[in-house]
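Listed after this line are the structures, all set down as structure tokens.
Shared between the two complexes below is subunit A, which has subunit B as its partner in the first and subunit C in the second.
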Partner chain A sequence: MKLRRELGGWLLASPYLLSAAIFFLIPLVWSLSLLFFRWNLITPEREFVGLANFGEALTSPRVWNAMLVTYKFMGIIIPSVMVASIGLALIIHHIPRLKELFAVGFFLPYLASGVAIGLVIQGILSYGSPVNEFLRNVFGTSPRWLRDPFWAVLVISGMIVWKLSGYYALIFVAGLQAIPRELYEAAALDGAGAFTQFRRITLPLLYPAFYTVLVLAVGITLGIFTEPYVLTGGGPALATHTWQLEIYYQAFERFRAGYGATVALINAVVTFVTILIIRRLAESWGARRGFK
Partner chain B sequence: MRNAKWLLVGLILTVGGAGLAQGTVDITFWAAPNPPQEVFWKQMAEAYMAVHPGVRITVRQMPEAPTSEAGILAAIAGGVAPTASENIFIGFGGEMARAGAIVPLDTLPGWEDFVRARNMELTIQGWRFADGHYYVLPVYSNAMLFAWRIDILRELGYDRPPRTYSEVLEVGEKLKARYPKKFLWVRGELEVPTWWQRWFDFFPLYYPASGGQQLITGEVITADDRAAVEVLRFLRQMVEKKLLVTEALPYSLEEGHTIMAILGPWTFPFWAEMYPELKYGEHFVLTPPPVPDWWPADEPAKTFADAKGIVFYTQATPEQRQAMWDFIGWVYSKPENDLRWLEITTMPPARDDVAVNELFAAFFKKYPALVSYAENIPYAVPPFVHKEYVELKRVLGAEAIYPTITGELTPEAAWDTWKMLAEKIIKK
Partner chain C sequence: MNNMVRRSSKMARRYRLRGQAKTWMLYSVATPILFLMVVPYLYMLAQSLAPWTEVNRVFVPSSFTLRSYKWLLTGGAFAIAQPWLRALGNSALVTTVVTLSRVLTAALVGYALSVLPFRGRRRIHDFIMFQMFYPGIILLVPTFLLIRSLGLYDTYWAMIIPGLVSTWAIFMYTNFFRSVPKELIEAARLDGAGELRIIFQIMVPMARSITMIIFLFLFMERWIDLLWDMIVIRDPMKRTLNVLLATMFGPYGGYPGPLYAAAVLLTFPILLLFIIFSRKFVKGVSLIISS
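Right, the complex of A and B next:
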């Protein structure tokens, strides 16, 4: 009986396990096998280069730049997406009717294709767009949105924040709904105003949602690709050149499979360590406030 | 009993089918990820199979995962390469030839007769590799040309487009004086580091300035320094005089916001649909690229050739390669098929006689804008061949063009930077 039940479990899990093996495990093992070779995918033999790929990657200004750019995006996106999604969650939470409809509406950007959004943004920010015409008419000049390093980073960050906020807002809405109303009523009796209630009750009790969103957002920012690929190609002057763009460039444009795999592995390690550090920081903050 | 009867019929059909299939050669041709090209090759395959029942040709669009080159490499690495494919530019062809992934076409029987029959003896010369072999059979050659809004030029008092850099700058200044909101040229991709974008800005200016001199030949930098610096200076001057916009401004030439653009022949079917009011000779004209002031007026200007061709993969069996070679030979033995190509894709076939062959005359009468493309095929230079072609072109954009147009480096210093980096890349 137990065996049959176990077999049934394996059977039910098998589609996922099979797809994970085909699309994750086999490519992972294959890419690990490339780390110590120079190979362009077509030569019959691979050249063994030992740790040369690691040496090159760890001393490459492009790789270091990609890491810094990724952290720069993280520094802008994480606080912005937190503020925007909590703000949206509060709006949705306090809407008296059709709450679900608004929640779905705010979630839609998350489902939209990054390429399609990129093309729309490109149109909105093009030199002759109404936005830029207006700015030139009023101020005499318009920013070079996608050609100026400062603006390009902000535009891409804004796009990602817009895309993620609706999704993360749903997580915060669930968090808000879990806070007992009695806490607010008791605080009001004690004379706490709306802001104090928000600061002392809402924000601390949103910790589980905050933790989830933080980890998700960090993972997303370490994998930014589509937005800079479509809008700036990683430019200007590598200002938006992320890890993923570097991996793509080396593996799929220069066809350096071994080196690309090495940069990807370093990226994976950095991602793992970054998420670990952020989780530890968030957990120690939560522990001090009684969350375990 | 009834089931047994059906089983018997099935068995007979299977055995019979296998017998029929025994003498059949299956070959696969990957067409470019461009629907008109796929249509052409499907038509050709069907016509060929109708008279050659022993060959079964499967034509399909090549995968773009994430680029067509990466798709081909993945297929080769996975051992599932097609028998042949089109859409191969000479740089990528060089990479595959070095790896032994493609067949030297001049080793196939009747190569010279084939070249003669298709009338491409001149065109093919630029496709010879350093080892003396030909690995890519050119299908089309798009000589990149400059389009000018002649209607606006006439308003400025010119009856023909400018020829030299000084003339271009003069026209630009007059344009700004009369229409301050218009620009000479919009090239949003000029500041984007994507390597192949240089085919559509730097090279169409550099080849005419240098007489077609390649930046790299073999493992040596053979660039014409004077020409390259002059091109960079020209770009910088356009920025300084506010004649050039390096941000996106879609359809700027079509809408009359600018008066100059680098165009390929694929533009005109789009114009016919979206901008039918733009008439050749009345609203726009096409010319070879502008040249530095020193370039002799009577010497034709070269330009960049956006040219691609067919390769045969070594993974195919000799029998499959021979069948594919027979098919390709059949296609190109009839100039009518090149006419069909021209009609479907509007890209001039890589023949020496496109501009003069009577067969194509009716087509060009219908599409006069395309005549210039046909006439300029002999002056169109394909890109240089080097295994690091991607990095060399990326560095050209990021370390020479970008700092020049932003004013961070002088044209001379930017060019020296590229040469220094190129030297390192080549030696690595």
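Right, the complex of A and C next:
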């Protein structure tokens, strides 16, 4: 009986064990061996180059640029998505009727393929579009949008904020629902206005939701690929060339397997350290306000 | 007395008015935002139905035509016809197989990890957490090489096999199944139900709303994958719709109408699926979030 249960457990868990062995452990080991070779993915022989891949990656302006671009996106996207999703959550939470309609409607962007939305954005920003016609009529000129490094970054950030905020709002709604009403009543009796209540009760008590959203959003921002791939190809002048684009470019367009794997590893280390730092910051902020 | 009643009713009316003003303000902010959230979808649909002279020139076309769809499916008179419907079929095939497998295996593994007290389950659970937080990007190149050396490059299997099991879905089911009362499972066992029957006739039905959300998220995530499907497939006949659309931005540059039609084909099945299941969506999501 005991043996049967033991066997049954392993048997039921076997789909995971199999897939983890084949598609996690093998690539994991393989990725380590790739790092020290120069190899074009095609020829059978590969050349051992020691740490040359690391040397090249760490001195490559493209890699440093990718890092800078990713942090640029993060600096724009994280604060915007926080404000937007808390705002949406407040609407969903406080609106008396049609709550579900608004919650579902705000969530719809999350379902969009970056490719399809990229097409729409490209169309809306194309030279002859109504938006640009309007801008030229009023200001005499229209921005070059995706061909302008400044606007390209903003447009792609905007697409990502649009996509994510409805989803993250639902996380904040769950947080809002967990706040006891009595707290607000007590604060109102003490003469606290709506803004003070929001600042002193709502925001601090949303900390767990805030933390969840922060970790999710940082993860997403560090992995941006689709939007710049279809809209700008990383340009203009590498202004939207993210880590993922650089890895894709090196490994699958220039067929440099070893170097691509090395850039991926550096990206992973940077990602890991970034998430760690941001989590520490958020946690110490929370701890000062008495959260775990 | 009378005076006081009148005064208090006056105050109540004033409060009600203030509440109403607040409500109106809330709606007048919420409605434009709702519009902003759906406007890209509406734009896509409108442009796909617009006469070709108006595509990307107006927000609301003066009339509607199916020309873009007809052109998309026949390739017009040009030699750049692409297998769009087949790509839609490819997307449907790959996404359905992968998603069903992910939900199914997650239910099995989640049950084993949460209910069956076998030795090693803690270690497996820890390993799943490790894998979940391991950055997948490092594995991109070696997984590609693995697929290629298995002889699966440029086959449907390349898009299906690496994704058959989802650690996230396992994690979700494990957490949910933990909250199912043990007595229920014991009772079913006493009635002679096997573990598989317990999983699919008791556990999964109980987890209906969470299953729906897991299914939806997995389906959507697979449907809009770009990077992986792009690197393992070369044959145009095997491309998914998302990849085909991404690669046609340039070649179809002069034909934005048909591109919008393709974007509608790509986007609206997911929207439809979501809207069908959206009735319990908000509740389901809050379940996911609290776990």
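Definition applied: the second predicted complex is superposed on the first by the 267 of 292 C-alpha atoms of A that agree within 3 Å, B and C clash if a C-alpha of one lies under 4 Å from a C-alpha of the other, contacts with A are read in each partner's own complex, and residues count from 1 in each chain.
We take it that a residue touches a chain if its C-beta (ideal position, glycine included) is under 8 Å from a C-beta of that chain, and two chains touch if they have at least 3 such contacts.
Every value quoted in this text rests on a predicted model; they were computed, and no experiment measured them.
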| item | value |
| --- | --- |
| Combined model on subunit A: subunit C and subunit B, fit or clash | clash |
| Touching partner for A:147 - first (subunit B), second (subunit C), both, neither | first |
| Contacts of A:123 with subunit B and subunit C, given as first, second, both or neither | both |
| Comparison of subunit B and subunit C by subunit A residues contacted | C |
| Subunit B versus subunit C as contact partner of A:47, first or second or both or neither | neither |
| Partner chain(s) touched by A:237 [first = subunit B, second = subunit C, both, neither] | first |
| Subunit B versus subunit C as contact partner of A:8, first or second or both or neither | second |
| Partner chain in contact with A:248 - subunit B first, subunit C second, else both or neither | both |
| Partner chain(s) touched by A:185 [first = subunit B, second = subunit C, both, neither] | neither |
| Clashing subunit B stretch [against subunit C; choices 19-27, 55-63 or 199-207] | 55-63 |
| Where subunit A meets both subunit C and subunit B, residue numbers | 41, 122-123, 126, 128, 248, 252 |
| Residues on subunit A engaged by subunit B in the complex (per definition of touch) | 40-44, 122-123, 125-128, 144-147, 232-238, 248-249, 252-255 |
| Of all residues in subunit C, those that touch subunit A in their complex | 23, 26-27, 29-30, 33-34, 36-38, 40-41, 43-44, 47, 55-59, 105, 108-109, 111-113, 116-121, 124, 127-128, 131, 134-135, 137-146, 161-162, 164-165, 167, 170, 195, 220, 223-224, 226-227, 231, 242, 245-246, 249, 256, 259-260, 263, 266-267, 270-271, 274-275, 278-279, 281-282, 285-286, 289-290 |
| Of all residues in subunit B, those that touch subunit A in their complex | 66-67, 69-70, 73-74, 76-77, 95-96, 98-101, 186, 188, 191-195, 245-250, 252, 257, 388, 390-391, 394, 398, 402 |
| Residue numbers on subunit A that touch subunit C, as the complex places them | 5-6, 8-13, 15-20, 22-24, 26-28, 30-31, 34, 41, 88, 91, 94-96, 99-124, 126, 128-130, 162, 166, 170-171, 173-174, 177, 212, 223, 225-226, 229-230, 243-244, 247-248, 251-252, 257, 260-261, 264-265, 267-268, 271-272 |
